[in-house]
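For reference, the structures are reproduced in the following blocks.
Shared between the two complexes below is subunit A, which pairs with subunit B and subunit C, respectively.
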Partner chain A sequence: MNTLYLEYLKLKKKTRNWLGPILVFILIMIAYPLTVEFLQKDLEQGFFSLLWISMLLSMMLATEDIFLEDFNDGSLEQILISTSSFPILIAKKIFIYWAMIGIPISLFSFLFSLSITKDLQVSLLIMPLSMLCTYIFLNLFVFGSALSLNKGSVLGAIITMPIALPVLIVLGKSVIAIQFGINYLEFLLLLLGGLSIIITAVPFIVSYVIKAHLE
Partner chain B sequence: MIKKFIHQFASPKTYLFQVNRVYKYIFYFSLLIYTFSLIWGLLFTPEDFVQGNSFRIIYLHVPASFLSQSLYAIMAIASVTYLIWRVKLAAYLIIAIAPIGAMTTFLALISGSIWGIPTWGTWWQWDARITSTLILFIMYLGLISLHNSFSNFEKADKLLSWLVIVGFINIPIIKKSVDWWSTLHQSASITLTDKPSIDPSMLYPLIGSMIGFFGLIFCLVIISSKLQIFKREKTKSWIKDYV
Partner chain C sequence: MMNNQSLIIAEKIAYKINDKKLFHNLSFYVNKGEALHICGSNGSGKSTLIRIILGITSQTKGNFNYGNTKKICYLGHKNALKSYLSVADNLMLLDLDDHIELDPYLKKLELKELLDITVANLSFGQQKKLALLRIFLNDSDLIILDEPFVGLDKKTLDLVIDFLAKELDAKKGIIYTSHIHCEIESKILNLE
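Up next is the complex of A and B:
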């Protein structure tokens, strides 16, 4: 059976793993207006920061036990021995996670952005950024999750969070670029460039890390 | 010949004997230079026109900040060396440097805060340089906790090396944070390409204090790496002879 489809089925079966992060994201977004004064200006002020941070948290939640089940039942070891293309399998796994968690979150980010900023153009420009950043965050947290494979998800989050800092900086600058109508494409391309490096490097690094765990 | 020397020096045994020979000289030389520079900087350098006497904290803050990033860069080089050439000593160095890196970063943050009170009127600002340095400090703690969470040293070394290499992305950001953002923190006064914007009467003791502080921290790294060697190689016969 196609491994991509198999990964999809495996994730689909674990409803908590893919639905949980999406629901957490939605809940944070819904809770946000309750914590600020109901003035449009106040709402817009901190919205984008919250959007990126909640995406970061959701992706962290999504990946916390991405390899744990396979590791515990021994299938990870079998996959490592039986397939020569372990990095490709990891890349596929990350892609499926992105397709099932990252894309819905990006779509919701468009909706929430539209409802809070009331600006269709801004919301449309936010969506590609969300798609790229969720994929980048997923890759980074998969790396953290692989490092702390059976040592609990908190350790993985602590050690990977600082690495996500550059992405948050670029996202913050992109929002300013959108609001002032300048350089948006440059930031988008910068993220795309970063993503292309990350999706090439992370599967290999993760496979080395998992090999080190299983040795 | 150089290759032979590197191969020999990369053995923990040779390293231990070689550093024991030079350690004492480096320590006394650095202590002398640092004390001399501190006395020069604190007592004989004129007051700053704007900041008054408070600027004198640079003789601690600048070397500590510089080292907090340099030590990470050294760890990254050691990680690459370990992963490619499997040099054991490099792995020992990575974990030997991590707590010292955390300590210097903490020192940079604390001395910066103390300096911030009279100069900026605040001890903390969520400013690009300060926040990124705080993240570097958290990264150091993360590295230490990752290494401590494994009882198998070899596995811990490999994982740590990967994390150090991936985390290196933050170093240029910290370095360039004062140029890329408009921040409270000033830009670098001493660069490789331009003439220093700091007065020579303050610059010379600063250079002296940096050399002295580097030397002292280098001695700490030597002690810490020796401890790692004792811990890891305790079953080897040469260690028993050495002790």
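Up next is the complex of A and C:
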């Protein structure tokens, strides 16, 4: 049976795990206009910063106990002794989380961006950035979650947060580039390059960390 | 000495945790068609030894030779079942849903009628039976079991023992720990 489908099946049944982060993201986005003065200029000013930080928090929430259940019920031990590749399984798991949480959040980011900025061009350019950054954040927080497996997720999040800061800086610069009509493709490629390194390295690092935990 | 019958050979295995020697100089082997019963009181290191054999935990000293073992089937204290999924979904996760012998075993274990039930709603014994399907439908050379008989009724216990005896006849190897007496012809490895 295709492990991608099995990971999808597992996550689909855990409604709290995939719906929770999406709802948190939506709630923050809805709450934002209520907390600032209702002027279009004021709304736009801090919107993108809030957008990236909400994504960061949602992804952190999504990966909170990504391995905990498998650790507690003995599935990780079974995977370790099986002939299948552990890093590939981790990569597939992260991909499914991205497909079920990261992509919907990216789509919502387009809608919220459109509703706040009223600029279709800008909102369309935000979409690929959102897609990339959710995938990067997921990978980083999966690493954090693996580090603090069975020791509480806060520790992992604290450890991982500084690694995510450069991504936030690039995202901020990308938005400025979009708003000033400068070529933002370079920032997109920079994120894509970072993502390609992260998605290759994280599954191996995480599998090593989990093995150490099981030992 | 390794030969074409050897499934596993352990040489001078030692394990130390927090400066406490759990066991040392432990040597044993399991050939095809042989069972090894690891005995010992609570805390003597039975489960740790099983984890070392499986490669999950590293031994402090010594080495293993896995000779003719290509695949290992393991059932430990944890059943590796997803409590929020149905029995049928768990069978799919275990990759047993289209196994040719699944149906007879589901009937024998009285799980046939429970396929749509969520595992969380099964009793401990029923969950154990579901986990045992991993063993009954295995295609491995070496079966490793950590307290496999806990929580089983007499009928299922007999079924497991009969099955393990047949597996030995089929030239598979078995390593197990158990505090419950069972009629499996085994070599004894005492960790006391």
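Here, the second predicted complex is superposed on the first by the 213 of 215 C-alpha atoms of A that agree within 3 Å, B and C clash if a C-alpha of one lies under 4 Å from a C-alpha of the other, contacts with A are read in each partner's own complex, and residues count from 1 in each chain.
Criterion: contacts are C-beta pairs under 8 Å (C-beta built on N, C-alpha and C of every residue); 3 or more make two chains touch, one makes a residue touch a chain.
These numbers were taken from a predicted model, which means no experiment stands behind them.
Of the two partner chains placed by the overlay, only subunit B lies in contact with A:Ile159; subunit C stays clear of it.
Of the two partner chains placed around the shared chain by superposition, subunit B is the only one that A:His213 touches, whereas subunit C remains out of contact. Look at A:Asp73: by the touch rule set out above, it reaches subunit C but stays clear of subunit B.
Using the contact criterion defined above for the overlaid structures, shared-chain residue A:Lys14 touches subunit C, although it does not reach subunit B. In the superposition on chain A, A:Leu6 makes contact with subunit C only, not with subunit B.
Look at A:Ile81: by the touch rule set out above, it reaches subunit C but stays clear of subunit B.
In the superposition on chain A, A:Ser148 makes contact with subunit B only, while subunit C stays out of contact range. Subunit A residues 215 lie at the interface with subunit B in one structure and with subunit C in the other. Subunit B makes touch with subunit A in their complex at residues 132, 135-136, 138-139, 141-143, 145-146, 149-150, 155, 158-159, 162-163, 166-167, 169-170, 173.
Every residue of subunit A that touches subunit B in the complex is listed here, in rising order: 143, 147-148, 151, 155, 158-159, 161-163, 165-166, 169, 205, 208-209, 212-213, 215.
Looking at the complex, you find that subunit C touches subunit A at residues 54-58, 71-72, 74, 76-85, 89, 92-93, 95, 97. Looking at the complex, you find that subunit A touches subunit C at residues 1, 6, 9-10, 13-14, 69, 72-75, 77-78, 80-81, 83, 214-215.
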